[in-house]
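A quick write-up on the structure given underneath.
We just call them A, B and C in the order they show up, numbering each chain from 1.
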């Protein structure tokens, strides 16, 4: 432990330490604050991550950033400077992940973000993601829209980075697909009423509405739309892929369609899906510990991050705690191919630090109060 | 720097983290402390000294951080070139918001700061120019002699220097004419106005200064984090800065540093140890800070610095009484025989007539007493003469000039000084500082001059003048005592000393002898006679008949707001109406 | 925008406005009696809604345990403040209120919650759990600050809000909850379709405001509170101490907040931190009314609700900017029309 203690301890710390035997993975997660419903399952997944890889023991440290980018920055510094982290994980949202990534780039530490964060070219070599690109997720939805003949789409998204990213992602894709975006509305996580937005959506007569929110709040527009008699399809994003969303939305969210990582419906996946085996394993273990319906896409992202890190550790040579080792880990991460995890198969390369393909997302529909796998073809 | 020890400590703090001897994370924490302390310092001046609570200071940090981010990423400014622009922009923003905010009275002010704190956060998040809720990243680091300050250890000296500059400027400010004016506002504006301080201007100046410091912190923040997002400048951040100021001691310079250090270090410690104690990580930190805030307010309302400072011996620089005397203030020449005339003045509150058609006049070198039972309208008359209340009808002339509609500070500018029935001193200021408030109109050092310590020669003159007045009223041995340690009688004398410092033509004394012991009364009477001999006109409101009768030249008797008699003391003593209305009731 | 949409927006504004009105009345009441600007008011609303939702799901709500914690803290505060041994009756009453009541509630709720209770029973349980939090909070945070300035009380109140929000996350978790409507039907009124729960909310708000009015003008206890609101001396004259008046005001505020929470829980999703924004808007309404007039507070709350509804329709991204931005000019106008408000 290398905490803030007395001067004498600090001075002792100056003497060169014996080569560390274990690899340190340090995560900054949004366990509290607005993104707590993402951070909590991520934190809970910690127990299911590999304890060693390639003969090296792995030590995990988790810090809470309260969904605050400033704190995420401090956490990342603490990870690198205080905990001597070899790999960073996190954070749960794009703005907090950007903070962590900035420190990662500055200190030369590889980071696996759990949010689709965009960073500068200078920092990019150090940043990997175990989350699907919004574009990948959106493509599944748009495919479904085209198949079912949706031509007019209404959009209502979070008034934050998440909603903003989704809007930016889908706008050109919709245009290319010939779907008209007829209304764009915003709402906040803590809004008690979205009547104004819903009225405006309904007034623009869309065939379907896309709600871009995360966690339970995204149920509110769905409820409002149904109350105002909207009968069209309601699409949600993967941010809402928690059973809490169904619980809060009740009958109003029945039939809504979401793109998710395969883990959410692991037991329902076709046998041919590569993630089925490892997915069911994680799914069963998680359910055993946290109860039926507790599995969310977010925990899956953390699990994937763990798998990627472990694969990189197994491949990298060097002494943990040194810049050379971190560089080796980075190189190893960039070279990973065919890493099968619960959210698909990762093939990372210098151009692609997401590494996902079509196998990393499936569509699900809320049917009888549960997520049901929805085959796209 | 106050002592060699402090200088030594500063050197240690500067060199150690930067040298790479200490763990880098210490430097990270120190940077956080330093930047927060600069914001908290602004709050110390704003809240602790100026009495204006702001929950919205993070908004100014945000304005500055965003401004610098925008200039450096989009328009290719270097951070150093951006700094002056950032400070100007933040000051302008503070001026605009301040123009509205400082006019809010009482508790509306903090509520207003909550509201703009919220509004600015949502504004940041919704402007495409500012990158929306994702903010702006890729901000370049500050370079020093061609070296980019990337690491927190390299950045620390910069933070320390900026903090040092902020502390230096703030100390200069508080220890000056402008600072006294600000400090006087905390305990109400009536007394401050009576000595020529314009509260709205002083408050605005403080508000802008606090915004300026927040701007400096915002610039540092932007180039330390090298990315900005709205969340960092939300209301919660504003509350945290206030928490620092309150915990450290919202009235004290070093309280800001102490508070910032406590909050940042505690946060870090809580993050380390709370999970060990309670298992799950979660919301315990915010609960803890809430409890700390409430307990601080319950147990140590002035914060923790005063508790610590008790053990640090205070050194006081002696007042240089031989500084060149202040020039006499330039005032409009007196016209006519009287210094002060009330001509048929009236004051009605709704249906109640408090002062009814009262006239009197006061000549040079004369002591006039207003006499009357409680509720006769004496204090109301005082407030009418000094512009605290506006006349319903009638006219007040000072040295022949009509002062209809003039503010208390304008009337003070004409050479009218007063004391208050309910003593209005600033309790936490020393006798010297309180009395020096009286010299406010005789100096002209503005905010900037005071900040940069260019006011020293004049400040020495002002303090010397105050010290002379204190010696003259016989309180030389209490010159450095805080005002709240004095007896009631002494505070009345201090008020008189403060009034004398204005170099008044007219002195209005509201019950100066109340609460004085016999010997003190005699000394006071002696002083008043001296002043009369110097040509002052003195208007007294007094209950103590023995004190008045031996001293006053003439008496005006009021009852129920109406003048019932006027004349020499002996005539009044014999007047049957007066005996009935006043003397009878006393006896 | 056509008239139907406008009508819906007005309806939406009225619903939100009604909740803000209830809170605004609490703010005015508490400020008048205790000089406290009670920011955590909204947190109680969220707590009540979450408690009800938990009971409906058959789970013992965390708030019951929270009440036990608060009670223990109150008892400790009381005992620590004792100089000599108190009369047995006093001790029993205090310990009964601070220790026995929460404990009995907690144990009872653990057994009752899994049973399929009728709605009214859930509501009653919610009330008895949430209402005592008002006076308990007063005892813990504000009673020790008898002579503090309004500003010190305000900052304390922000501190209490931080604690409440943290406790909310601890006891209720990060997820949102929504309870089932007490009345699920709909009313058709011309082109308007009004949800039963919304109608119920507005009727209840009117009834509560009416009852409050009766309480303050017709009953002795209400008049005593009003007297206390005028001045501490007024309170002494009618024979209640400042503390008693404060406690009663907090009971009343807790009650109104709890009812507001119960009414709003089926209409929206509540989170542990939803209360702050709801409270802040009630509080804005109270400010606009100058913290003095009950009818003024109700009126401004409803206007605020309607402004918010229309802002959400026209410029949803800037809704909060509009609502909070509007406050500054109103505050300014308040200060200028009420200039010599020098209280220190």
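Basically, contacts are C-beta pairs under 8 Å (C-beta built on N, C-alpha and C of every residue); 3 or more make two chains touch, one makes a residue touch a chain.
Going by UniProt, the chains are A = ABC transporter substrate-binding protein; B = ATP-binding cassette domain-containing protein; C = Branched-chain amino acid ABC transporter permease.
Not measured: the values here are computed from a predicted model.
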Identity of the chain that, by mean CA position, is farthest from chain B: A
Best-connected chain pair, where connection means C-beta pairs in contact: B-C
Chain with minimal offset from the mean of all protein Cα atoms: C
Centre distance in Å when chain A and chain B are each reduced to the mean of their C-alpha atoms: 51
Separation of mean Cα positions, chain C and chain B [Å, integer]: 36
Residues within chain B bordering two or more other chains: 122, 126, 282-283, 285-286
Residues of chain C engaged with two or more neighbouring chains: 169, 317, 320
Contacts with 2+ other chains: residues of chain A: 32, 159
Chain A residues touching chain B - in the complex, by the definition given at the top: 2-4, 10, 13-14, 31-32, 43, 62-64, 66-70, 73-74, 77-78, 80-82, 94-95, 98-99, 102, 106, 118-120, 122, 159-165
Residues of chain C that touch chain A when the two form their complex: 1, 5, 8-9, 11-12, 15-16, 19, 169, 173-178, 195, 264, 267-271, 273-274, 276-278, 309-314, 316-317, 319-320
Footprint of chain C on chain B - complex, ascending: 51, 53, 55, 100-101, 103-108, 110-112, 114-116, 118-119, 122-123, 126, 186-190, 239, 242-243, 246, 282-287, 289-294, 297-298, 301
For the chain B and chain A complex, residues of the former touching the latter: 21-26, 28-29, 32, 122, 125-126, 132-135, 137-138, 150-152, 225-227, 229, 231-232, 236-237, 265, 268-269, 271-272, 281-283, 285-286
Chain C-facing residues of chain A, complex: 32, 36-37, 40, 159, 185-197, 199-200, 203, 215-217, 219-220, 227-228, 244, 248, 250
